[in-house]
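Shared chain: chain A. Partners: chain B in the first complex, chain C in the second.
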Partner chain A sequence: MKSKARLMQGNEACVEGAIAAGMKFFAGYPITPSTEVAEIAAEKLPLVGGKFIQMEDEIASMAAIIGASLAGSKSMTATSGPGFSLKQENLGYASLAEVPCVIVNVQRSGPSTGLPTSPAQGDIMQARWGSHGDHPVIALTPSSVRETFDLTIKAFNLSEKYRVPVILLMDEIIGHMRERVELPEISEIEIIDRKKPTVSREKYLPYKADDDLIPPMAYYGDGYRFHVTGLAHDETGFPTNNPAIADKLYRRLLDKIELHKNEIIEWEEQCTDDADIVIISIGGVSRAADTAMKQLRQKGVKVGTYRPITVWPFPEKRLIELADKVNTFVVAEMNLGQMALEVERIIKDKAELIKVNKVNGEAIYPEEIIEKIEEVL
Partner chain B sequence: MEMYEVRLSGSGGQGLITGGIILAEAAILDGKNAVQTQSYGPEARGGASKAEVIISTEKIDFPKIRDCDIFLSLTQKSFDQYGKNVKDNGIIIVDESIDTKSENKVIYSLPILDTAHNVLGKPMVTNIVALGVIAAITNVVSRNALEEAVLNRVPKGTEDLNKKALEMGYSIGKKAIK
Partner chain C sequence: MPSAIVSEYFRTNKLPQIWCPGCGHGIITRAITVAIDKLGLDRDKICIVSGIGCSSRAPGYMDFDTLHTTHGRALAFATGIKMANPDLKVIVITGDGDATAIGGNHLIHACRRNIDITAIIYNNNIYGMTGGQYSPTTPKFDKGTTAPYGNVDKAFDIPALAAAAGATYVGRSTAYHTQLLISLIENGIKNEGFSLIEAISVCPTYYGRKNKKGSAVEMLEWQKNHAVNIAAASKMAPESLDGKFLIGEFKNSPEPEYTKEYQKIIDMFKKE
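This part shows the complex of A and B:
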C-alpha cells in the first residue's frame, strides 16, 4: 500500500481540518501570514458544496461567519494580529449570542502592522481579553502541521458543542512551515454537531439552557422563530434590563466553559517525572523547547517540557501539581512575557520563574533557551 | 540518526522555494521525515532568497536551520549573505559565476545557470538542474524519488523538459565528484 505521508503546510492543514470537521462557509480578508488559509479555502470549499466569500474587511468577515453559522453552516475566518483586533467586537457578539464559529489567528509580529512576515506570539492575552466584558474563551495552539489539522477539528467540535467562538491561535512558524504528515481517515475522525431543539417550534426558547448550561440551537430557516441580539437577553432572545436575568446570563456564559473544562483542557508534557527544570512554551516555540530539552538531557540536566494545547482555558491544575516538585520554570515565548504572567499567577512562589522572550521577528532558537537554563544551573 | 540540513539560496524567481518543496517531497518518498521552511519578506522580491529543508530518519523538532550540511548558492549576493553559515564538514555547491573567495571548505563550482539558460534554453528549470546536481553529489535523496517528486510538482506539458533538466544536473554533479 502506498504511504499516505505527504508534505503539507500548516495553513493548508488548517483548511483540511476545517473541511473534515464540516466547514461549509468561510469569510475572510486575507492577511499575511494567514493568507494561504483563505486561498486554499477558496479553492477547496466549492468542491464540498461550501461557500467562500472575500469580504471588504475583517469586521465584515466576522459578521458574515456569525450569520452563516446561525443559518446552520459551520463557519470559519482567518486573520493575523491587525485583523484579530478588528474582529474583537463581533467576537464578543458571538460569545454573547452563543454562535459557534472558528477564528484562526496566525500570529505575526506587532503591535499595529509590525513585522508583517515575521512570527510572534503577542496575541495570547488579546485572545483572552481582546473583546470587552467578561466572556468565555477557548483558544487552541498547535505546534505541528498534523496538530494544526487535529486542533482545527477540535476547534469546530468545541464551538459546536459549547456554542462559543473558538480561537485557533497559530503562529507564523507553524502556519508557514511544511512538514511530513499522515492525515487520518475521515471515518476515524470524531465530528460534533450543535445540539438541536427537541421541543415544538411554538415551545422553543432559544436561550433556555439545559442542565449542561448549553441551549439547543435551531437553524435560521428551520421554522423556529427566534431573536438574536448583542444586548443582554432573556430565554426568548429578546433584550432585557432585568438585573437578575442579566446576571444569570453572564454567569452562565462563563460557567458553561468552567463546568466542562476537564473535557476542553489539553496539554502535553515530556520528561516531567524527574525534572528539576520545566520549559513552558506553545506553538512554534515548543519545537525549540523540545530540542533544548533533549540537548540538556544529554548533558545530564533534568529538564522537562510543558506545552499548553488549550492556552485558554489554561491547563492550570497540572501546573499547580508540577510547581510542588519542580525547582524552576522557564517560560519561552515570542512576546515580552504574556504567558509568563499566567504561569506566575498559578505557581505563586512555589518555584522560580525564568523568562525567555524574543520580539525581533526571529524564532526563539534552542540555544537561547539552553543558555538561559545554563545560567541558573 | 541521520540528519541533513539543506539551504538553497539565490534570488527571488529562481524557483528555490519550489525546489525546497520538491526536495522535501523526495525525502518523504524515500521514507524519511522532512521539514521545509523559507524566508518570507521583501527579499523574496529580487534580493537574496532562501529555502531550507531538514531531512532526517528521526522526528524533527526545531524546524529552522543555523549552519547547514548542504549549501546551494546561485547568486553572489546569496553566497555573501549565507555562505558563512555552513558546517565545517558541509558541502557547498555554487554556480560557476560566484566568487567563493577561497572558502576553506569543499566547494563544487558548476555551470548550473548556464545549463538552464543556454544549454536547455529555459531559465525556469534552474531549480531542477540544481536539484539534480545536489542529489548526484550528496545522495541526500535518491534519484528515483527526486524524479517522482519533480514530476508530481511541475506543470503539465513540462515533464520532458524537467526530466531532461534533472538528468543534466545529475550528470554535471556526477562528473564533479569523479
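This part shows the complex of A and C:
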C-alpha cells in the first residue's frame, strides 16, 4: 500500500528520506536555499526521538555530526555554497577517519556570497576535491523531489556501508521545487547499518579492514575504548609516520570506493540507442534536457540524454561505451564547465563536445539547449 | 615502573609520550586520570576528545574512548558525542590556541549551552606544536616567534571569558598546584553542565626559552610563587596581589543542562 500523495518540496523530501533512513542527529547553520532542511529536521527529529542542534557555524555543524556518528547516531548536516566551503576540513576528517555521515549541499550561485540565492551547480568539483589531500567521497544528485527522498536514503546507506561521508549535491531548483510525490512505506525501504565488530575489545583493531576494505566500526561507549585521529594511522587507529603504512591507508581509502563502484554508481539514460547527440546534465538542468530532447525528437533529430545520479564516482564506463557510437555530447550545466572537464577526460576525442553553461543565476531553459544543438546540426 | 595510576589509565604501550622533557602537559594529563579515579566513574562511559596541538596529543595515551579531532574543533565534536549519547561523560582536552583562538567561537557557545562537557585547557601561553608563536594567552610584551619585538595583543582571561559566556563551573590551577587541579577537575566532571578548568602548563622549550623563564623547574617555581588562591586573595591587601594571579574555584552555579533540556522536548513530543 502506498502512502497518500503529497505536495512536497525537495528540501522536505530530503528530511523525510533522512528520517526514513534512520537519521537521529542533525546539526546545522541556516543558509538559503538549504534552510528548510534544518527547519524541518528541527521539527521532525524529536518526534522520532532524534535530536537537532543549531550550531554556531558550519564548521561546528560538520564536527558535531562526526562526533554524533562516532557515538552511534546516523547524522546529517545541510548547507549551501559558503557553508559547504567551511565544512571542507572536517569533511576530509570524516573521509580519513572513516566516519559515516551525510552532507547536503543545496547549491547556490558563487563564488563567495555570489547571487544569493539563485540556483547554480558550481560545487561539482568542490564536492570531489574540496578538502585537501586525496580522499574518498561519494556525491549524489537528485533531479526530482521523489528522487531527493530516495537518494537521501541511498546517501545514508552508502555512508554506513562504506564508512565514507556522502554528499547529497542538490541545487536550488530541486531544493525549492514542489512536486506531488508518493512516498513508499517504510517496510519497502532497504536500510543499511554500519557493520560492528564481532570480536572482543582486546582483539578489536578499529582500522583493520575486512576483505571488502571496510573496517567494522564500534561506537563510543560500547566498551571498546578505541582511538580515532585525523593523523595517518595504522590498523590500531594510532598515529604513525611509517611511509608504508600511511601509503597503504591512503590507497585503501580510495580503493574502498573503487572496489565497490559498480554497486555505488547510478545513472539514467534515455533514447541513447539510436542517438547521434547525447545531452549530459544533472539535477535541475536534467529537466530542461528532457524537454529539449523531446522537442528535438519531434523534429526528427536523434537526441538522447545521460544523467549521472552519482556524480562522484562519475559513471564513466557507460560513457566510454556511448562515446564509441555518439557523434556529439552536449554538457549542460549551471557553471562554466566543471562536469564538462570530467566528460572531456572520459570521452577523449572520440566524440565532439559542446558546452551549454550558465552562471547568471537563472536556470538553463530547454530552448537554450535546443539552440546550441541546432547550431551544430 | 609506572605508577598504579599510569598502568591503570594510560595506554602504556604508547608511552613515552611525544612531549619535551619538562613539559607541563604530562602533569595535567595525570591529574585528569587521578580525578577520574577518585570519582570512580565507569571508564567505558568516558569519552575524551581533543583538538590539535601538543596538549591535544594527550588522549592518545589515555585508555578510554578517545578522539583526536581538528584544530580548534574539539568542543564541537564533543557536543555531537554528548547529544548522541548523553550517558557518556565527555571530557575535552585542548590548548590555549586550540580553545581560545581558532576554537574561540565553539568555546563560548559550549559555555552558553551549558552542555555537560568538562573542558580542560592546557594553557602554556604559546603555540607549542607549531614552534612558539604567540597565542591569545601570551602576556602582553612577552615574546613568541611571531612576536619577535614583544606581543602587542592583550591576553584573554580564560576563566572570566568562560564564566561570562555561561559556563556553570569554572576554575583555574597550575601544573605546580596539582592537588587543587585534581579537585577542580573532579568538581568539574561532577557538575552537570559545562565546566571549564584552565590548567596553566609550562612550555620550557618555546615559551620558557623565548622569554628567559629558565628551566622547567624554575617555571614551576614561578607558578608556586605567583599563584594566589582566590579564597585567600579576598583577605589580602590589594597591593600584595600585584604581579600575582588567581587560582581556585571561580564559579560554581549549576543550571539546567542542555541535553536534559532537549530530552524534555523529546519526551513531550515523541510519537510512539
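Assorted remarks:
Following the convention adopted for this analysis, the second predicted complex is superposed on the first by the 374 of 377 C-alpha atoms of A that agree within 3 Å, B and C clash if a C-alpha of one lies under 4 Å from a C-alpha of the other, contacts with A are read in each partner's own complex, and residues count from 1 in each chain.
Please note the rule applied: a contact is a pair of C-beta atoms (placed from the backbone, for glycine too) under 8 Å apart; a residue touches a chain by one contact, two chains touch by 3 or more.
All values reported here derive from a predicted model rather than from experimental measurement.
In this overlay on chain A, chain B fits alongside chain C without clashing. In the superposed pair of complexes, A:Ala60 makes contact with chain C only, with no contact to chain B. By the touch criterion defined above, A:Leu169 lies against neither chain B nor chain C after alignment on the C-alpha atoms of chain A. By the touch criterion defined above, A:Pro366 lies against chain B but remains apart from chain C after alignment on the C-alpha atoms of chain A. With both structures placed on the common chain, the touch criterion links A:Thr291 to chain B but leaves chain C unconnected. In the overlay built on the shared chain, the residue A:Val303 is in contact with neither chain B nor chain C.
By the document's definition of touching, of the two partners only chain C reaches A:Gly49; chain B does not. In the superposed model, the angle subtended at the C-alpha centre of chain A by the C-alpha centres of chain B and chain C comes to 110 degrees, rounded to the nearest 10. When the two complexes are overlaid, the chain among chain B and chain C that reaches more residues of chain A is C.
Applying the stated contact rule after C-alpha superposition, one finds that A:Thr32 touches chain B and leaves chain C untouched. The gap separating chain B from chain C in the superposed three-chain model is 20 Å, by closest C-alpha atoms. Across the complex, chain A meets chain B through its residues 3, 5-7, 32-33, 117-118, 172-173, 176-180, 284, 287-288, 290-291, 294, 363, 365-366. Contact residues on chain A toward chain C in their complex (touch as defined above): 24-25, 27, 46-49, 51, 53, 55-57, 59-61, 63-73, 75, 89-90, 93, 219-231, 238-239.
By the touch criterion stated above, chain B contacts chain A in their complex at residues 21, 24-25, 28, 31, 33-38, 40-41, 60-64, 66.
Listing the residues of chain C that touch chain A in their complex gives 14, 43-45, 47, 49, 52, 59-60, 63-70, 73, 76-85, 87-88, 105-106, 109, 262, 265-266, 269-271.
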